[in-house]
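Across the two complexes that follow, chain A remains constant while its partner is chain B and subsequently chain C.
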Partner chain A sequence: MSPTRKIVDIPFNRVEGDLEVRVEHDDGAITDAWSAGTLYRGFENLMIGRGALDGLVMTPRICGICSTTHLMAAARALDAIAGVTPPDNAIRLRNIALMAEHVQSDVRQSVLMFMADFANPAHQRHSLFEQAQQRYTTMGGSSFIDVIRETKKILEVVAMIGGQWPHSSYMVPGGIAFEPSQAHLLQCLQIVRSYRQWYERRILGCSIERWLAVDSRAALDVWLDENSTQRESEVGFLLRFGRELGLDAIGRGNEAFLSYGSLDLPADTDAVASTRQLVAAGVVRRTTAETFDAAKIAEDVSHAWYKKALGALHPFNGETQPYATGREGGAYSWIKAPRYDGSVVETGPLAEAVIDRRPLFLDFLAGPGASALTRQLARLTRPTTLLAAMETWLVECIATHGATIIAGDGQVPDGQGFGLTEAARGALGHWVSIENGKIARYQIITPTAWNGSPRDEGGVRGAWEEALVGTPIADPDNPVEAGYVIRSFDPCLVCAVHTVKRNH
Partner chain B sequence: MSLLGTEAPDVPTLMQSLDVDLLWHPSLSSLSPAKQETLLDDLKSGAKPLDVLVVEGAVVRGPAGTGMFDARGGQPRKDVAVALAKQARFVIALGTCASFGGFGADGEIEATGLQFTKSQKGGLLGADFQAKSGLPVLNLAGCPCHHDVLGNVLLALAANAKVELDEFQRPLDWYGMTVHQGCTRNEYHEYRVEEEDFGQKGCLFFHKGCHGPLVGGTCNKTLWNQRSSKTRAGVPCFGCTSPEFPAADPFFETRNIEGIPIALPMGVSRAHYMVYKGMAAAAAPERLKKRITEV
Partner chain C sequence: MAARILCIGNRFVGEDDFGPRVYDTLAGMECPADVDIVDGGLAGLNLLRYLEDGRPVIFVDAVSGFAPVGEITVIDGDIVARQAPGKFGHEAGLPFLLHVLPAVIDNPPPRVRLIGCEGGASDDAVLDAARLSLQLALEAQ
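Let's look at the complex of A and B:
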């Protein structure tokens, strides 16, 4: 390290959990980064020996913001073991609740956690700062208050389908536990429609159709200048202030993307997608698109506080025992390092957009590349790809009310299976083994494990560690730029912290 | 995150009407790291008053009592909780993990609650702990705690209203009724018309492991997200407000002897219950037996 280089440890708030990032900086820019999940919860160990269905109750409670997504992954793993495909209306009602969780999370994270820093005193010389304060100040800003009030309404949809948000367990092997009443489904439809109207008015400033016509960077500039409604919308403000702050030039990362795919299409539906899922599975490394293969996932513990296994292991064979050794031996995080076919990949809305070949985001990659701003734009506008299908599926559920909502007997035989889905913040997978009617092994890889992993045995940095390198750091006491880079990945450290299986 | 769902009143209105400053919140605060450290020092030393300390999540003591499974700047986070609790007028444990240890209480993280480990008084702060107000830790149990509870308890404290607690230091206003009360399947329970398979109309207590009659909670009184509850949606109550949550037995199953659950509704004697349920089943009307009545 040259004598001018300095180290700063940044404890992060507004990331849903326990994250400390150590960055080394020199001459006003970050030269290296180490991201540490500081909490070990041992969740999966607690599940060993429990009832076969208990993952449906335990895993949603890993996380207050991805609760429905954990339930989906757990239920899909049990579907796989039982060898059952849920009936169409169960697929729809699972999807709708998950999508409700996503469309609230995308907006809450963007405004309450990412854009909240627009009101940071570090920006007080910027021309838009006064407006940013009026909009995003914690508990007082106009956008802050409006987002809290409106986003909680969409969660009523989850409650009418599953009983409550967060932490329901209404998805069960082969389907769902109970069909909502016709009246509740109609109320859900009303709520989705009003949420869409609010989202179009406040977040986009235009119709979803108008937004989806924005298919290039040039078209984005036209959209931004088109009228004051669009310019003053949350997306408009994100773009204008984000560009002024240079967020389009930081946080590039290594531009390798993973999506597990999510939201199975019912057999008979009017919703349209390029695959049998609304969100496609895939991998893109640089510009090369590949077919996703779950067998290529492995987890490395070379820099994590676990007893060392024999290299990187697939989650069905994971060897993990916590071993708190402080800085000894280069370990610095409770997060393991998942790798796809040996590569670091990032996951989340930008990855989904790239893998779905959405032109605007492909144009960004072909031009300036990924950035904190592109990532956040992909998140804040993802509801544009979900809200219409939510409506379609609700209408279909209402039209077919009374159809079966479960296949099989709701039980699970011994066996091994995995359930993959997309959380709001990216790829989530559960790998489960049932023996003698009990859970014998439960392994979870979260989106934040993909994005916030430490180095692997090749010394290769995790996704956001890499994205931090080169980021300016004007004031080490208030490293707001690094915050934008990290938060553009929507970190969820509560669940990133790896939990382990006990060997018997 | 449950808290943001509160309706009566919503969070921004609540903060306004309480006239309080939210000094720090892990998901919502926008203080820079340096200012956050200064704030923490000022609170620990008492230089800045701390009216209410709300702790969410279990106190982690593992491995081997060191607390290093949950560190902050290389130091166990539990030490921060102890230092702040000494200065606070009121200390609130939000959720079952902070109240009683929850999931990790039997695990390698050696989790405990602030003033209880499961049903055992003690915990991190000790059985005799009193905050500066003279009140012990207020346990707002639940996984998650129902979204309306925290706001309403804060309003009660701000109004100097007496907050009556049960034996596990949970406010009676919110935990003094069973989850069963207000369940729309009550008639099916009353006449012992049971749900055996998912998707049926029927009571979830006899086969599906419902804890509704066994634990206190406001789920079916206040409802979730203003709309529903798990039992109304065909999902059994898992008993998440109990100091012993999660119970060791599998969820979605009821352990029973001769068709009568081993765990009976709060305070009920087995002999009386067996007679009562036998008579009730015989008296069940056709509309319930044929599952015509909606839930």
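Let's look at the complex of A and C:
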């Protein structure tokens, strides 16, 4: 280690209570990084011995943001064990609530968390800084306030389809527990249309159709120069200020991507996709597209505080036995290290875009490569791929109101199954074994486990550990650049403690 | 209009399960029909929908730094809002919600009070808090 080499703890506790990132830097750039989840969660062990259906009630409560996604994964695992395929309207109504959660999260995370740092004093010499402060200052910025005001409305869709908020548990093996009334479905349609209008006006500055025509980096430059509405939109500002800050040149990572696929298409629908899911499943490593195979997932615990098993284990065989000891050496996180076919992969909206072969993002990969900015652009514009299908499916539900919403008898036999879906932050899976009518094993792999994993047996860094290497670090006391890299993955580790603490 | 009782917290974490335990206790008690009792969990900003109709709100949550351990305390909403962090994150909790509230709803914000318990709560403390929440809710009419 050279004399100038320093270790810095990135103060993520102000953003993500249970995440600590430590970096080593030398000569103004990060040379190594360690990401640690600091809280043992152990949800898997809470589930053992409970009734087969309890995952539907327990797992949505482990996250305040992605509760519908956990419900979807839990329900799909039970569908698989019961061997049932939900009827079309159950598929639609499961999807719509999940998509409502996504289109809210994508905008909130972008503006309230990622772009909020545009108002960081580190940027005060930049020409757009004053405007950034006016827009993104926490609590007072114009975009900050408007995003909270508007994104709160879309939640009503989840409340009406799920029958309650929070903690909706309306998905059941084989379908959904009840059908919302026509009046509620019409209200949902109105809310989605109104959200779309706001999203087009404020976030894009253009219609969704116009945005989807942006199919290359050159077309993106044309779009940005086309008019002031687009330039001044949130996407426009993200691009302009993000480029000025050099966010298009940091956070590349290893460019290996995973999507489990999500949002099954009903058998009879006007929604169009390249596969039988609106969001395709797949893996891309070094630009090579592969078919996704769930059997190739394994969890490595070599650098996590768990009892060491016999190498990396598939989640059906996974163990979650906490084992933290000073003599263990090498372990530094409560997050396990999931790997796909032995590889580190990243997951999230950029992975979905690459696997869906969306031309704009493929062009980025073919040119400068992935970056913090590309990742964030994929997130902020993902609703362009979801909102139209939400409308289509609501219209179809209204037209076929009264059609069956459940297949099978709602019972779950003994057996093994897994439920995969895409959460707002990426690939989420539940692996479930039922024995004698009880849960014998329950393993959950979250998107943040994929993105924020520690090293594996081979010493290979996790996705954002790798993406941090090479990132400039101008001021070790305010390492804002590292913050952009991490936040472009939208870390979420806060399924934890929220007590009201006296600070003042 | 009787108040709404919003019990919040994480029922899987001992340090933060006071609100959910009070909710469970209230769920087993006979409560006046016009008191709305909500298991708010970890919903954070997504609890805004319960703060927009003018009904007074009694929050129930674990607190830290306000009272001796094991003691139940009633804290005014303004004081809770002042504890808000400077930044928003996935973990943004009640202080953030109350701080941002006036700027993001159309109606005047409701009167808000928080029944908190410091540290781990005994079963008796949970029962006391449940009764107190009902009392405050009815007084708010």
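By definition in this document, the second predicted complex is superposed on the first by the 482 of 504 C-alpha atoms of A that agree within 3 Å, B and C clash if a C-alpha of one lies under 4 Å from a C-alpha of the other, contacts with A are read in each partner's own complex, and residues count from 1 in each chain.
We adopt the following convention: a residue touches a chain if its C-beta (ideal position, glycine included) is under 8 Å from a C-beta of that chain, and two chains touch if they have at least 3 such contacts.
Note that the structure is predicted; figures quoted are calculated from it, not measured.
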Touching partner for A:Ala427 - first (chain B), second (chain C), both, neither: neither
First, second, both or neither for A:Cys492, with chain B first and chain C second: second
Touching partner for A:Ala119 - first (chain B), second (chain C), both, neither: first
Touching partner for A:Ala177 - first (chain B), second (chain C), both, neither: first
Comparison of chain B and chain C by chain A residues contacted: B
Partner chain(s) touched by A:Thr38 [first = chain B, second = chain C, both, neither]: first
Which superposed partner A:Ile444 touches (first chain B, second chain C, both, neither): neither
Residues on chain A lying within both footprints (that of chain B and that of chain C): 14, 16-17, 41, 43, 46, 61, 64-65, 108, 112-113, 116, 138-140, 144-145, 148-149, 152, 155-156, 159, 165-167
Complex contacts: residues of chain A adjacent to chain B: 9-14, 16-18, 20, 38-43, 45-46, 50-54, 56-58, 61, 64-65, 108, 112-113, 116-117, 119-120, 122, 137-140, 144-145, 148-149, 151-152, 155-156, 158-170, 172, 175-181, 184, 187, 322, 324, 326, 334, 404-406, 409-410, 477-480
Chain C-facing residues of chain A, complex: 14-17, 41, 43, 46, 61-65, 67, 108, 112-113, 116, 138-140, 144-145, 148-149, 152, 155-156, 159, 165-167, 492-504
In the complex, chain B residues that touch chain A: 1-2, 4-5, 7, 10-12, 15, 22, 24-36, 60, 62-63, 66, 68-74, 77, 103-104, 106-109, 143-144, 197-199, 219, 223-235, 238, 240, 246, 248-253, 294
Residues of chain C that touch chain A when the two form their complex: 8-13, 15-16, 39-49, 61-66, 75, 80, 82-91, 93-95, 99-100, 103-105, 114, 116
